[in-house]
């Protein structure tokens, strides 16, 4: 295992310590571990996310003005625990409540729901919105449902901007759900990653093989095929996204009247001729940014062929899987509201503009 | 421990529950790499670390009490706050749900233990929106709970009924190999999840076996 | 070879095409290849750099307001050619002349000097400043001299800001030289990279080995040792930098009076107790950014022990070697002038703040 | 080509120079992977690609002329504008420097060729601030130039003198193996550059051999 680490058991804490001293607008707390903006969210809605570590810059790198107020990093690829989320939300929430942005992995969903229950018991208003944008998975009945991928980054950006504008909690939660319905992603891997704990690759991939439809936890994808050119890979991912049919599934949501979590049927948009979109061409961690531009070039062409115009783009490492080589593509349909909020100033370690 | 004829304990005492927890921690530590390896081909290579970290925390938090409800609640809370992932809330809910009727209880007979297993299963099903045949820990827990209730009803002593439960658990665990996963991370793999033993089903088996061992070894 | 590419021969062009459409403030030109800001440098000094491809975001990612006006990407790890540099400088230069920032590799130096000669013949005022900040190399007599590493990024940022402030060419050239004397870097690799042309790793490194003192071209380093912890590695690199003695060498410089290139004896600073510094903890391309924070944590401690205070930092991939795993550390002594220029607004694909 | 006794050409004509360039391009293309591999352990794995790319461009730019100065200048300019790296300016300067006295010249005798080699060496030395023994292309070029001048002075015909130059070039190239590099990328390796043959010395040898072959095969 070739990593710049000291102790496989402590990597998350080690890294958080460095993160804390590197970014003076951000505080890092330990036991339970979380990252928060200095000053918290006082008079506006707090935006909080979290998930396993190993996806950096997600989520800690998006803490800062105009994006997340706090992030909870779990162990590598392991969702954080409810007490972390509880403490993080408590630390930053003012009287406007907290939006939790949750990627759809069993562990993240369950732990965030438990934390939401604890926060509610503590008198804090909390909404919990699930991001499930991975079009690689077609059905939700016989699986844990679509995973949360790159749309999470756009949801965090846009909701953070809405909070800065003073939106109330219900409106931001509705916005977050809209971004989720508007966003679709798919990824692939050229290599497996190695978690510090295991110390050897999570899956074996031959020198001539690749995995299509991977998540972000080093888990294998939905299909293994012979390695293809960047253009062919981009066609596969982009077509899955652009031709994805309206995806219907139940998403769990707190029902305040009933006082329980209920399943709400939720249906994605499909991309239509004339749509505008925000694109992310995301490196999985071990792929040079230069190669991502080859993918972006083809993506713009394929999107254009479908009548979809990319009006904003992020090309780089935004939601990673340790040192995995590979790429994921995200397209989020952009209406005027989303674009305005996307363009609003943001100042975080990983995303910064307008300030 | 009280003993029925033949020297086998007739009830599970608070101190036996503590020994169970300690034994579970030991067994999970020993099987850490094994469980993580099982979680590699169909998961994210952390289950052994998660369970080991969780049970280490459990040991630190375990009260001196003999109140079984209190003990199991402490197990639940430690797992919930230290494991994370899917296994944390699921095992946490298992112990939390099963501990509820046991507050103030200092020893459990066969019937109480049968109820304990049923409550445990119900907790996981509720939290995980899952059931038998989905290639999860429930494929170990459900047959184990059923086998225990059966054996206990047939008049087996605790140790024998637990042996029956462990045998059923082992069969259930192995039965996950040909299953196609429908819950958890392995479900993303679809067909390709077939042929691999479920890590959570395996940790559940180890925890049940630890209980059977503790009761069998009981002084 | 596991890369997101189409054709090993054309990677640079493929990537530039994507880069061009992704960034609307920047233009990409082909045959000869270069990247330039829309509008060029008109009434101020043009800042131009370049080098082999494979180090992205260097240099193209630093083209934009407040940093480079143009960059010339060569083939992978091969310095660009004089005609590229000539065309790039011609495209962006106004009447204030051009500063060429050149990393000290034989190829870069020779090609940029040829280009400078061509530009001068064409009536364009040009200064050519060499960056040679790699403390891994101790002597310059029996080697090609210290290589250019991370100080290049700070030089480009600071000189770009000075150009925005309207400094004249001689003053900016002097500033650039100062940054070079103030900056020291050193790197290490956990893995080799693979160039698209060769298709297999440039050097073989055992599972328990690392290379200390690498450059950025996948070339082996100065020493191969057993792999060490992040803290130990950071100690080695940081101590080399912080304890580096005043380095004396001749740097080639155009002498307008004599009308020829002359050798000028040049001596670096040494770090002193009480110094402030800008730090870069730079990933070589295949190392997750999370691991870089462990290095940053230790670096701040080691610097502190030497009485050097890190007042600004960049933690991420800034000057890479394709998908190599590893890290380089740069410390640039920061005086008020450098800090002010460093903090000035910048808007490039890879570095953005204040705007 | 004019021939001295025995059928060997006494002079190098413009069309022979063109054949030399074509042959060089062919040989460098064939040895592309080999040169790049040599550039791996002590460099950055691009020398073969650089030379091949450069000579492909040379072929495209080569004028129809028989003016040797014009031909060699075209070679120089194409290499300078297409190779990049260290090799581009160095080989470019080599041909540029050597072409200067040859403008308008349509055939070179042994003395002219000896001068050509000396000018070539001087060009590389000047541009690279380098000399013999530094583990560079000069370790091939310098002994070759010396051997050629010697053989030519001894009255050898062109073909024989070039054979002598190639033999010296080969020896020089091989002599780079035990050398410690003092210029170029390999110098960064210090002691560890020892034991590897220099890629630039090798490409120089191949280019000289191409010349000898062209002259030997001359119709």
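Which chain is which? They are A, B, C and D, in the order written, and residues in each are numbered from 1.
Here is the rule we use: a residue touches a chain if its C-beta (ideal position, glycine included) is under 8 Å from a C-beta of that chain, and two chains touch if they have at least 3 such contacts.
Since the structure is predicted, the reported quantities are computational estimates derived from the model, not experimental observations.
Student: Taking mean CA positions as centres, which chain lies farthest from chain A?
Tutor: Chain D.
Student: Between chain C and chain D, what is the gap in Å from one C-alpha centre to the other?
Tutor: Those two chain centres are 33 Å apart.
Student: Using mean CA coordinates as chain centres, what's the chain A-chain D distance in Å?
Tutor: Roughly 57 Å, centre to centre.
Student: Quick check: what residues of chain A touch more than one other chain, meaning two or more?
Tutor: none
Student: Classify the chain contact graph as line, ring, star, complete or other.
Tutor: line
Student: Kindly provide every pair of chains that touch.
Tutor: Listed by label, chains in contact pair as A-B, A-C, C-D.
Student: Could you please specify the touching residues of chain C with respect to chain A in the complex?
Tutor: Within the complex, chain C touches chain A at residues 2-7, 11, 14-19, 21-22, 53-54, 56-57, 61, 190-191, 207, 210, 227, 229-231, 233, 285-298, 300, 313, 315, 317, 320, 322-323, 325-327, 347, 349, 352-355.
Student: Going by the contact rule set out above, which residues of chain D touch chain C in the complex?
Tutor: Result: residues 36-37, 40-46, 49-50, 53, 80-90, 92, 127-128, 180-185, 187-190, 192 of chain D touch chain C.
Student: Once bound in the complex, which stretches of chain C touch chain D?
Tutor: 32, 52, 74-83, 105-107, 110-111, 114, 136-137, 142-144, 147, 195, 197-198, 202-203, 213, 215, 217-222
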